[in-house]
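Order of writing sets the chain letters: A, B, C and D. Residues in each chain are counted from 1.
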Amino acid sequence: MCGIVGIVDAGGVSFPLYYALYALQHRGQESAGITTFDGERLHKCKDQGLVADIFNADILKELKGDVGVGHVRYPTTGSKIPENIQPFNFTFQNKKISVAHNGNLTNTTELRKKFEDRGQIFCTSTDTEVIGNIIVDELRKTDKMEDAVLSCMKNLEGSYSVVIMINDKIYAFRDPLGIRPLCIGKTREGYIVCSETVAIDALNGELIRDVKPGEMLCISSEGVKCTQITEASSHGHCIFEYIYFARADSVIDGRLVYDVRRRIGESLHQEAPVDADIISPVPDSGIAHATGYSESSGIPYREGLIKNRYMGRTFIMPNQEARENAVRIKLNPVKQHLNSKSVVLVDDSIVRGTTSRRIIDIVKDAGAREVHMRIGSPPIKAPCYLGVDMPTREELIASKKTNDEVCEQIGATSLHHVSLESLIKATGIPNDDLCVGCITGEYPLCIKGEKGCPRHIEYVAGTFQSDLKDF
Amino acid sequence: MCGIVGIVDAGGVSFPLYYALYALQHRGQESAGITTFDGERLHKCKDQGLVADIFNADILKELKGDVGVGHVRYPTTGSKIPENIQPFNFTFQNKKISVAHNGNLTNTTELRKKFEDRGQIFCTSTDTEVIGNIIVDELRKTDKMEDAVLSCMKNLEGSYSVVIMINDKIYAFRDPLGIRPLCIGKTREGYIVCSETVAIDALNGELIRDVKPGEMLCISSEGVKCTQITEASSHGHCIFEYIYFARADSVIDGRLVYDVRRRIGESLHQEAPVDADIISPVPDSGIAHATGYSESSGIPYREGLIKNRYMGRTFIMPNQEARENAVRIKLNPVKQHLNSKSVVLVDDSIVRGTTSRRIIDIVKDAGAREVHMRIGSPPIKAPCYLGVDMPTREELIASKKTNDEVCEQIGATSLHHVSLESLIKATGIPNDDLCVGCITGEYPLCIKGEKGCPRHIEYVAGTFQSDLKDF
Amino acid sequence: MCGIVGIVDAGGVSFPLYYALYALQHRGQESAGITTFDGERLHKCKDQGLVADIFNADILKELKGDVGVGHVRYPTTGSKIPENIQPFNFTFQNKKISVAHNGNLTNTTELRKKFEDRGQIFCTSTDTEVIGNIIVDELRKTDKMEDAVLSCMKNLEGSYSVVIMINDKIYAFRDPLGIRPLCIGKTREGYIVCSETVAIDALNGELIRDVKPGEMLCISSEGVKCTQITEASSHGHCIFEYIYFARADSVIDGRLVYDVRRRIGESLHQEAPVDADIISPVPDSGIAHATGYSESSGIPYREGLIKNRYMGRTFIMPNQEARENAVRIKLNPVKQHLNSKSVVLVDDSIVRGTTSRRIIDIVKDAGAREVHMRIGSPPIKAPCYLGVDMPTREELIASKKTNDEVCEQIGATSLHHVSLESLIKATGIPNDDLCVGCITGEYPLCIKGEKGCPRHIEYVAGTFQSDLKDF
Amino acid sequence: MCGIVGIVDAGGVSFPLYYALYALQHRGQESAGITTFDGERLHKCKDQGLVADIFNADILKELKGDVGVGHVRYPTTGSKIPENIQPFNFTFQNKKISVAHNGNLTNTTELRKKFEDRGQIFCTSTDTEVIGNIIVDELRKTDKMEDAVLSCMKNLEGSYSVVIMINDKIYAFRDPLGIRPLCIGKTREGYIVCSETVAIDALNGELIRDVKPGEMLCISSEGVKCTQITEASSHGHCIFEYIYFARADSVIDGRLVYDVRRRIGESLHQEAPVDADIISPVPDSGIAHATGYSESSGIPYREGLIKNRYMGRTFIMPNQEARENAVRIKLNPVKQHLNSKSVVLVDDSIVRGTTSRRIIDIVKDAGAREVHMRIGSPPIKAPCYLGVDMPTREELIASKKTNDEVCEQIGATSLHHVSLESLIKATGIPNDDLCVGCITGEYPLCIKGEKGCPRHIEYVAGTFQSDLKDF
């Protein structure tokens, strides 16, 4: 998973990009990068690590210009290779170009082959370089970005929210199903397009709206021009953004993530009530769900586990035994809240089950009489091909075990996952407009070896256009 | 403020010290250090920065030995000077010695002069070096640590929880009033003495008890020996540890800090109820208080501000205006929770008032109809001379303004501080055993130019001794 | 200017590459890189800085494989851009490829345009990426490197010694005129191809011979195969390698550079004798020349200036005045050797004249009665388009001033440059086989706006082949 | 060994100190430090590594003030301990003090004991802290530096050139025998006192004279005051400074080191002539000697070994075999100069013999017919107790083997060391005023277990005083 941002602002963009990436840091902690354009050349800085570690005031001052893009990257295969760190920068016929991509393509190999057959080399192993090539290949023919993005939407399979800077303009587009989020906001002297609304908030900007699935925006010092490139029969918004990935204070496709999670918590109580002493979240991911459960049930919300706020990615463990204790150092049980108590423990999801097992052990070691596990998602049974870093089916505990077996394995007194129906209801999004592939194994587009009900895409490039003049 | 730890453990101490300092990181983020003794020589590493940034596996492996001390330091005057970073290491007559100190002495100048008069030089500007000198000066006469600590307690004025390693033994003592916390726990193959119980939890150890005011412990591979050095008429536990400083999941002098804060929140509701829509904490410091207010009032607990979990100390701001926006990047308002709502905003304390003003601005910008500020401490009116980094009286907003004036200045709809009576009741500690100097301006020991009711100290060194054999 | 190296050795190549780059460090101090291939994937490390600063034992251990290439880069325009640091790594149809290039192309723009016209993007602004593209473009048609290198030699204009690794083979070729050096040697369990023989010496290897102009080598675990791709009517070895650039202990095209310089020094004496007290070099570049002058004249060789061996590139100067003093800190005059003496000061060349002026000032300040400047090259009057980082004609002091004017400007008592005739004689290379463009303004290939006598190139690819079996 | 410097200059001292330490870098590469005083407080920076790596413009700008001291340290036991890095800074009765020391004390243990007996702690394991204590101990009684330095000279045994800053004054003194060098020079707006004249040259300053043995200087904005503290019957200047340690372009006690070495080279020819083809130095230490031999014999001076100018301390070698090859990477043989030749190889000294063996191997591998080793010092047979980092007697090859045995072991055709008589004559210093302990085993002061003829010291403090007004 990744976070992307593009900003055009007459007051300079490096500091705003930095603040925006700070706000999107949860979408990727492995590496980060910023590229700006000063009217003549690109200025670039990207490296492994957190935004706070990579940039400083001197570097930001060197990143000159009123246009720029930024990226944070989640640790996935290949991400440690320096050339794979985004944005991906290149030149083409005197155009200076920088691309940032959030999502995952499922036909990269075929696309790369097509280019290699005509003698093209690849400098990285990213999907992003493939996207850059498709765009450039079309641009050289018609020099129209509408055509280039249309070519992307015809050729790319998978999920892609893309921000691309070509000299002093930023283009942003979202795949026809709108799988990954993307939204646009107004800044003091310009515009920002970014993965989540929290990046707009960080600039004290104003959310305009989500970028529509299949839509392309062109942002320049002149304003924003919107062009609908495709119309899909229905969409495929990722359910996991609501369950876990997005920040609780983001608004995605019109829904505050915090409230979706709180409503899931309410459903968890209604579906599986317990006469417990306290409701405790697994921090931080279960907090919103737990407040919903607490409110609905009237049982006190009390933190049974306190998270160490200073745990970095660099936490060192000398051996396996220590690694198992790491959860204990990260999450400290509050014995006085747990001892002899019946506890409802609320978390967002169970993936492999190992972390849940360790957390329940800690809660029981602290004296809890009963540990009722309540999970804010249905069982995760299938892999994600569209950008969330999920393990294989074999590693997903729910893909092979019944609810009772999982309950026993993680050591809970009882276990309940929210129903898919309640989950969808909590999002307020029609069933058909969501991708719930990781839950049902059915995906909104063709994936080799998997079932699904692919959406129908109509190519309408250029027929609808508008300006975002009123902002 | 600082955090200190000493460990004797047959399995090696560098990794346990590192985990313990991680758990105590909230007590000091400016610098950190570890010193160990391997039977022959000291191994040392200390630097500016966070525990996670200073240490790595290679360094920890070099810190050999089964005895060691550690320290984290809060940014106070002089702390950026490398030689002031603790532990303070030195040698004396073939003894290898390392001292870590939490607290603040009020008679350092006089004590330094005494030593200088006989020709002594000072390598640092810390209180810790003075403590080291007093101990050594007595040791050379009688070679008994009981006498050395007695000399400390007779000569040192102020607060001091001290851990000192002399070759393979660790001595720990707490000033006669017990101003700063200090506790002892059992680890797998040894013992840990530390500022807060969370450090014991981090090692999966077991809390034995607090070190008593005026008590000295000697920890070695043979076990723990306890000696009472002084008896005070009453004590002076710092109230601010409960209000703000200590971690919520620590147990200090028998009280879970989280529960003290929750009870304060209940009192805030009983003293100043509001018919509001939501109760929101200022994260993270107001969370426990806010749950108490919510439970007592029945008004939903809902996060109106979400804290960015990645904000480091290195956050960069190009200018004053940006600095004012920093609070906005750190705390993002959840507009949907605040818009048109009457909000009870709960925080632990108001010091200068500037942060409160900015937070209330943010909440109101997000559309809140009313912002009722509820504060988990009485007005802070006087400076702290005993280790908490408070501003001067001039900078303390409550030292010169009435409650109404403060309310207006910070822009709240209403403002209420918990009463001192309720606060003390929430701690469950007798009035006489607390230091509430920052609230009342009366201190439990003589401070030049300030009022107070100094405790009577009786020197009883060596009369009571015991072993902690049963652990 | 740059230094390149490729090694195939059954004992692993990362340490040998590191030693070789150390030996070639004088050819480029701006950045360095190593790429190795372990039979499956590339391992890469490259960064700005000196070889000693970029690599360490841990990094070298990660650079696995028995095949690899390395590069050091001189500070030229664009070199500070991280993506321009060589080797240039890319993939093509499952081939892992890494290219290192020494030289300069004069038709890069046209070549890039050709590729861009068919939709190709460029990730760097280096000539090296262009070379990679030409090779791959031919490879996909015939899959024969002979054809790919032939295509290079037909299309590339300028100077290029190239080492390219394609999976487990290394190909090396030198432009038809042999402008930049390239040689091959035997290592313990394999072969090394590199810019200068000193890199072979560093591995305790044995020089086999120079790579011939227009020749391509293929080095693998099976041995070395040589193919002559072009035959030129005559060559164009860079005279400046002998004058200044190459290490004195290198043997280029059969000539020990040290001896060429010593013979130049002898000619300087014969052409312009002085009845001086001492002969002093400007260290280190004038040492060999000065020994030749001393031997020929019988006047004692004595160091009048001692070079500070610790001057790094990071030497700091607070202002312009200090910058002018920098020469003084780098070169310390030995007053006792200079005071009241007539000094012959020998240096390799004069470019802008500013450094010579400062050095002569220093020598005169130290009391020298006369300073006779003797220069190991004719006046440098024209720019270099073929890889040496020369200033423009306007900045070259000799392009606009007579010998007497230069002598006066630098403040010398007398000034003599070695004659072109003597210089060429000292190299022992036929006039026609040298490029002396920077001296005469006539180049051995077509350069827009410049005069020259381009060599005739015959393409003979594949007609002569041989194995280097006997090594 | 170490290098020290103190500067008082109205134009600021941090940059001059930095330049001076650069010039003295050869005296110590392990660590470096600068302390300045701005009229109120000390500014400090010290770390492990080279001067170029530790300091940068930002740091130097922070080192404010017109008074300061600096230090470079050679790798000796304990030097890697951060607190041992000099200058040693401390405070005493509102005085800010910083000490830098070059030399070695032989009675440190006794002196430390004396202070410990009265309760003093030690923060470092350096001689420097002991010196600081002695000075302060006397100062508090009389507040006169003459007395404090007299106390040093009465109590300290060994070698010591010391620079000490006390607030805005710098005091410099040299032990009664003048074992280590120390000199004073005039800068633009002040004065510099430093280990070698090259540091004065680096500031474009003017050498005034050497500090006399037993003399103390007081340097302030008012000028320089000189006080003779002791008079010794004769001195003990270290012979090894002339043989190897000092820079060739330094003038010590009136003698240009380069010329001393050149005269040694002449003596080597006169004592042991060879009918050889070339004279080659082992660079860089044998260069001056070799020019002397070449001039005296008329045999051409030609570099048979070229030193890699980029070898840093960080050169990496994977294993023992590689370590043995390191000499080969550092020193590259010029085969064309050596093959079939009879070579006179000139070096400054032989210590363990291992390096000589490897160098001779290299020269013979390069084809030399005969290798006649000529050494610019007599055999080194005894350890140094006075500051030069020599190995023990067991490791000194000449302490147990005859000249013929050494010759055979290092593989030379013939071996000759210069005679002690010629060496002393080359220095031009009377025999009695030199320390030649490492050659004869007889030292100019009492060293337990060693022979010697200690000088008689007379304490004359204060009787001779003068101002250096004329500079």
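As a working rule, contacts are C-beta pairs under 8 Å (C-beta built on N, C-alpha and C of every residue); 3 or more make two chains touch, one makes a residue touch a chain.
All values derive from a computational prediction rather than experimental measurement.
Shared contact partners of chain A and chain C: not a single chain qualifies. Set against the C-alpha centre of chain D, every other chain centre is closer than that of A.
Averaging Cα coordinates per chain places chain C and chain D 38 Å apart. Chain A and chain D have CA centres that are 62 Å apart.
Shared interface positions of chain B, i.e. residues touching 2 or more other chains, are not present.
All chain pairs that touch, listed by label, are A-B, A-C, B-D, C-D. Only residues 44, 81-83, 89-93, 97, 113, 116-125, 132-133, 136-137, 140 of chain B touch chain D when the two sit together in their complex. Contacts from chain C toward chain D in the complex involve residues 15, 18-19, 22-23, 25-26, 29, 50-53, 55-57, 60, 198, 201-202, 204, 247-249, 251, 256, 258-259, 262, 284, 287-288, 291, 294-295, 300-303, 306, 308-312, 314-316, 318, 322, 325, 328-329, 332-334, 336-337.
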